[in-house]
Amino acid sequence: MLIEIKDAAFEPYQRLLDYQVSANFAGKYGATAVFVGSMREFNQGDDVEAMELEHYPGMTEKYLQKISEEAASKWDILDSLIVHRVGEMQPNDPIVLVAVWSAHRAAAFDASRYLMEELKSRAPFWKKESLSDKSRWVDKNT
Amino acid sequence: MLIEIKDAAFEPYQRLLDYQVSANFAGKYGATAVFVGSMREFNQGDDVEAMELEHYPGMTEKYLQKISEEAASKWDILDSLIVHRVGEMQPNDPIVLVAVWSAHRAAAFDASRYLMEELKSRAPFWKKESLSDKSRWVDKNT
Amino acid sequence: MTEAVIKIKFFASLREQVGQADAEVAESHASTVIEAWNSATNNMTMPENTLMAVNMDYVEASHAVKAGDEVAFFPPVTGG
Amino acid sequence: MTEAVIKIKFFASLREQVGQADAEVAESHASTVIEAWNSATNNMTMPENTLMAVNMDYVEASHAVKAGDEVAFFPPVTGG
């Protein structure tokens, strides 16, 4: 179970490959469910040129750890990984990576979705979008 | 929308990276849901040393295409990719990769799970496991 | 006349039980999928849960067959 | 005495509206989260949907606070 906050761009699939090597559980899992959230170049009808992701250091890690532990207690999973970007980012940049490993697929599917929904509703991150003529805080999660 | 049947080992996350470059939809999607099924080194209480995956060439592709089209009609997704291994494989080898791209996460989560459930129940693949002293057909999907 | 036959395929454990991967049945010997099975297997009892396809679409045992069709029999699928 | 204060933090749009990121409130001026808000913001009306945390756990406005606590106010979260 690992939580990472990154203040620079990261490549989620390369991170997964590296994590799987370090986790040393080859052959133990039959299912990996992965979600990657990435920055779109448009939102609410406007082109978005850049985005700033603010967070609450300390509380962020605490809640990501908390929801990871909740998922591990609710489903029979082997491991989970959450990586979340903060700071200045550009369209197409990955924002979040959630991965769950389990013996069978139902647990991985259920737990990965749980992690994303809980992250979106409880982890203290905030997005500010830069449009061509102004910037604005994203005021709710979709 | 792409379907691939592979008779040699493949690396799912590298395949995803390559596919995203070729698909040319950077900045259009905010969500990617991925499922990877891989070979466990144990099943039903026994160590499994190797596995052979048989399929029905032609019907396999037809049904993977059919379920991909069903997913695209049911949910608002940008694209999907299914890669499935056949032939001789070893523990930890990836068996299947399913990926779905969409603007928002619900469609990607729903469609990727639909693709996996339909693949498991309708696509004509059969697994034969080699144990230390015998081989056996897997008789049902779990 | 090659056009007057129905092509039969068996897969996986069913291929091993039947002892053949491919067969042909004369159109005059089978008008339905189950009749094609009976003719190709010399009236072997069909295992429970056998799946059937005609021209790569799932069908029931009573589905009609004609010359040129490809009829496949196989056990429950276990991919993914 | 530095121990006799409550530490206050504001994040994101709320930080901009309040005009400060950090503040301190004397323990004698606030026994609940809402009193800490009132003291730190000079009785500014709290925006609807404001979220509150004490020592990095979500709480309600009536939650008790004491010296040494870290009290945070922020808008609905939008990560992921």
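Which chain is which? They are A, B, C and D, in the order written, and residues in each are numbered from 1.
Please note the rule applied: contacts are C-beta pairs under 8 Å (C-beta built on N, C-alpha and C of every residue); 3 or more make two chains touch, one makes a residue touch a chain.
Since this is a predicted model, take the numbers as computed values, not measurements.
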item: Most distant chain from chain B by Cα centroid; value: D
item: Between chain D and chain C, distance of the C-alpha-averaged centres to the nearest whole Å; value: 73
item: For chain A paired with chain B, centre-to-centre distance based on mean C-alpha positions, whole Å; value: 23
item: Distance from chain C to chain A - Cα centre to Cα centre, in angstrom; value: 49
item: Overlap residues in chain C, where contacts from two or more other chains coincide; value: 80
item: Chain B residues counted as touching two or more neighbouring chains; value: 37, 105, 116
item: Those chain pairs that satisfy the touch definition; value: A-B, A-D, B-C
item: Parts of chain D lying in touch with chain A, wherever the complex brings them together; value: 9, 11-13, 51, 53, 56-58, 72, 74-80
item: Chain C-touching residues of chain B, taken from the complex the two chains share; value: 37, 53-56, 58-59, 62, 84, 95-96, 116, 119-128, 137-141
item: Residue ranges of chain B touching chain A (in the complex, touch as defined); value: 11, 13-14, 16-17, 26-42, 91-92, 103-105, 108-109, 113, 116, 142
